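One chain, chain A, appears in both complexes that follow, with chain B as partner in the first and chain C in the second.
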Partner chain A sequence: MLPAGIFYVVFFAIPMLCLLGLSFWRAKGFELIPDFTLENYHKIFTSPLYRALMLRTIGVAFATALIVVPIAFAIAYIMRFVFERRGQLILQIILLSLFSGYLVRIYAWRTILGKQGLLNSTLQWLGIIEEPLEFLIYSNIAVVITLSGLLLPLAVLPLYSAMLNVSRDYIEAARDLGAGKLHTLRTVLVPMVIPGLRTAFAFAFLLSAGDFVTPALVGGSQSMLIGNIIADQFRGIGSNWPLGAGMAFVVVAVMLLAYLSVMRLIRWATRW
Partner chain B sequence: MVAVRKILPAAFICVVLAYLYAPIAVIVIFSFTTSPRLSMPIEGLTLAWYANAFANPLISTALRNSLVLAVISAVLAGTMGAAFAFWLVTIKRARVRATLLTASLMPAIVPLLVIGIALAVLFRGIGMQQGLLNAAIGHVLISLPFVVLTMNARLESFDFSVLEAARDLGATPSRAFRDITLPLIRPSVIGAAMLAAALSLDEFVVTWFNVGNQQTVPVLVWGLMRRGIDPSINAIATVLLSVLVCLVVASNIINRKKAK
Partner chain C sequence: MTTAVEIIGVRKLFGATTALERVDFEVGAGEFVSLLGASGCGKSTLLRIIAGFESPSEGRVRIHGEDVTRLPPERRPTNLVFQRGALFPHMTVRENVGYGLKVKGWARTRIDARVEEMLALVRLEGFGDREPGQLSGGQAQRVALARALASEPQVLLLDEPLSALDLKLRQQMQLELRAIQKRLGATFVFVTHDQTEALVMSDRIAIMNNGRIVQHGTPREIYRRPNSVFVSNFIGATNLLRGTVDTRNGQASLQTGSGSYVIPATEMHLESGQRMVLSIRPEAVRLQGEGARVNGLVTEIIYQGNNVRVGTRLDPDTIFWAEGRDDEFDGIAVGDTVALGWAEDAATILEDDGT
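Right, the complex of A and B next:
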């Protein structure tokens, strides 16, 4: 067998199964007690705190996807159909921003959006506002702005590759047959790039739901997400590994379900 | 009138690029300014934050650890990923090939948080204490999909008939690999390995759950960030940023060269 295959099994497949198994165990202090109990899942589903966090996580992830996917779509469209020859260059520049430090980019947003940060101090310096805008930082808005910046490059990639496969002729044929711009977009272009749209949405939606660094740095106590609670279960005071493992699986399952329903909705919207 | 029609799309691209690069510009600019607070107007320029950052006793340990992890990732993810991609393209049945490729990309789709805690559970289960080795395994795992993906794209245009020709002329498989295959794919492997190094240098989440009390550059930066605004973060970040950008641009150029 190949080394990479063995590596994947030992350090990816088996750990995932261990995590699943652990979610049925119990924790007593720092000790893990083998068991087969649904107690953790019961706790997750009945606790109002976890439910609120889960809903907020879905909301933030959805808002992020709603910003990221249309912008990425427009960018990909422009790269493909307006600046056709420079498309690859623009793509490289966009993707390069991914490699400028993950923590650094989040931290930079804190310094831009902060109460005495760049945006507020500039606006005050210019005399546009008197008092700093406080909603900019330690809020859900800050989390969404930051996550959108982090995930946008990832969403452009699949949409652009999908559009490369769409011939200009189809768009022109639709227009020649009298379809309006919006109608062409909805019934011709979007259905042809559905695979790219699906991947872009998955990146934006699923990855923002799993991010705990962004809420920890730019979100306040009122904008913690479920990822923060999971991280705390593994590296915090009063940690509870089995409970955290259960939460991780619930989050992944809930997000997958939400993702599939949105995909169904998009497909339905392009039919009529 | 073509130009006028393109003004709006061009403006849109510029606004989005500004959104993506504003944070990076802010970090770089404020790593050189005298005022410790990031605010306008800028008062003066200094290199003090760089001196400050490198006076931190933890930074040399963190740098050394990060470099060790990056080299391990580059070598292991590079060779294993390349071998895996090479094996993938030789599979005749397209269905099996596509399934295996998708499966090998899974670690890139699962949130890093989940990968990080799953590995922590495995290591705890087998009684392996948290540390650099654990983090290294995590780094190789998250780099592998990217190596497989870039290698796969390159190998799809690989001309396998040259290998057959070598065999027909009497070359043993190992000789054919050494004299024909390796020189042809070496640039792609090096490019992919550099990408793996860049991913490793920047990795925080999986590291955080597995590295224990050891330091890496992102773990150190995280600690500083949690403590509040510290301008030496900007200095460390700018250094890290330069290294990452160099690695990725070089990886791209090396990869591109072979595509011709």
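Right, the complex of A and C next:
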């Protein structure tokens, strides 16, 4: 535990504290002036742009998590309870897909969702649509779909590993005692994999909330997320590190709140 | 007695392997029946087919006359006690026992009363608020039993529920389980690989081998009159004398390497030259006993406390065991030659199936 504690302090706690301290400083041009001012936070909470981006980010992150977690759950379930031993093989394939890299995968989604992309041309070829669907690329929908595709493999891993610890006996015991398939899922399997569900949701929700590359590459003019504006505070002309640090901390607080509310909700929905 | 479970021509194939070969079997209402066999004999598969977790490749299953072959487990009037309990770890003992009742939509107060009743039945009053992780192995299996019995299944299925317990506890639980079954008048189908367990608990035992029921009957019938070399070997220890039948002189006898033995009266048709096996239980063998006699050289004396087992060599290939109370073998030492005998009708003649 101690080495982990040291690691945590050095590589997480100290940088975060530095950032927190920074959020009370001031910036003048490219100069950082130590201070203790709430000016940055005041700016954040009174800016309509910042609020709009925050709401959009929460929406996109929720939408992504709502798509990713159920699909990941189904994939993990099939790997664990249908394929059984051969589920390990699928695990290798999923791990392999992560090797292809983050940017490559975003570009891959661009070729799928683009105006002349795989999806549009297939749908046209099948005669389902006549004109390409414009909203598939450079839109919020494109951001959600791409983020879902990126994060799905990550969300499968904790769910699969949690399900490996659930003996088939428990599922059978519930069925044997009169519970149907859905009831068994709700009252036995889901409560038994809550730690995995929590991690999967955290991956999908928090990573998409913090992403700023995907909106830049597949999003439209109205797809900017909070990550983009924070990133802007740390680079180039008009950067403002103290303001960026403050924004980052507000995001952390809001995401933590959203995350905890969802955990509450899951616990409530599977209560027995 | 009405029939609780009917297994009609059930076969089960897993891919190319046959787990069950046409099994026909019945369990009477209120009966305690054990399915006994070594691992891989098909006993658990048969139990899972009755529970509804496997569907037979051929054949039908009826419970109290109703065909349940195509019903999923949740719609069958059976409950299963799992080998490792399978208590839901995220629920308390009370929630575990009440699970089936809650699923059935019972009212809260009725569930609570029933749960208390069930916990009293398995002598775990006051354990309702414990977590499964806080229970000993024996307590966990008792809770599993209470959970399975709570909704009064027409047939209770038990899949080696005692096999993970140590010997003393297992013996105690065997008696308890039997007492509970008698008190409720319930039908129990119990799977085990432990022959003593089956003998102690059952009204009837079905012995399985290679996907077949090879013999069924009361424990006494099976122990005293095994119908095959396999069964006589599987249930208890036995001495097997292999040889050829000789029916001249009007009295059938078996000619073996170590001598000629009288074959007791049998319904089997015996002809001279047939290869047969005579099975004699060690405890039926007496020193200087009446009846058939054979001389053996004592090679081993095993002291078991209440009993002593003495191994004697009849001929280079045959070790013959006698078992009896300690004082019966007083003064015998390895290297002595002893005369062994048994009552003629204590022996069973069997076909030589090569096992």
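In the analysis below, the second predicted complex is superposed on the first by the 248 of 272 C-alpha atoms of A that agree within 3 Å, B and C clash if a C-alpha of one lies under 4 Å from a C-alpha of the other, contacts with A are read in each partner's own complex, and residues count from 1 in each chain.
Definition applied: contacts are C-beta pairs under 8 Å (C-beta built on N, C-alpha and C of every residue); 3 or more make two chains touch, one makes a residue touch a chain.
Remember, it's a predicted structure, so these values are computed and weren't measured experimentally.
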Touching partner for A:Val213 - first (chain B), second (chain C), both, neither: first
First (chain B), second (chain C), both or neither touched by A:Ala173: second
Which superposed partner A:Ser97 touches (first chain B, second chain C, both, neither): first
Touching partner for A:Cys18 - first (chain B), second (chain C), both, neither: first
When both partners are placed on the shared chain, which of chain B and chain C touches more of chain A: B
Chain B/chain C common contact set on chain A: none
Of chain C, residues touching chain A in the complex: 51-53, 72-75, 78-80, 82, 84, 86, 88-91, 95, 99-100, 102-104, 147-148, 151
In the complex with chain B, residue positions of chain A that touch it: 2-5, 7-8, 11-12, 14-16, 18-19, 22, 32, 71, 74-75, 78, 82-83, 90, 92-94, 96-97, 99-105, 107-109, 111-112, 114, 116-118, 121-122, 125, 149, 152-153, 202, 206-207, 209-213, 217, 227, 230-231, 234-235, 241, 244-245, 248, 252
Chain A-facing residues of chain B, complex: 6, 9-10, 12-13, 16-17, 19-24, 26-27, 30, 37-41, 80-81, 83-84, 87, 103-104, 106-107, 109-122, 124-125, 137-138, 140-141, 144, 148, 198, 202-205, 208-209, 218, 221-222, 225, 229, 233, 237, 240-241, 244-245, 247-249, 252
Contact footprint of chain C on chain A as seen in their complex: 167, 169-170, 172-180, 183, 187-188, 191-192, 272
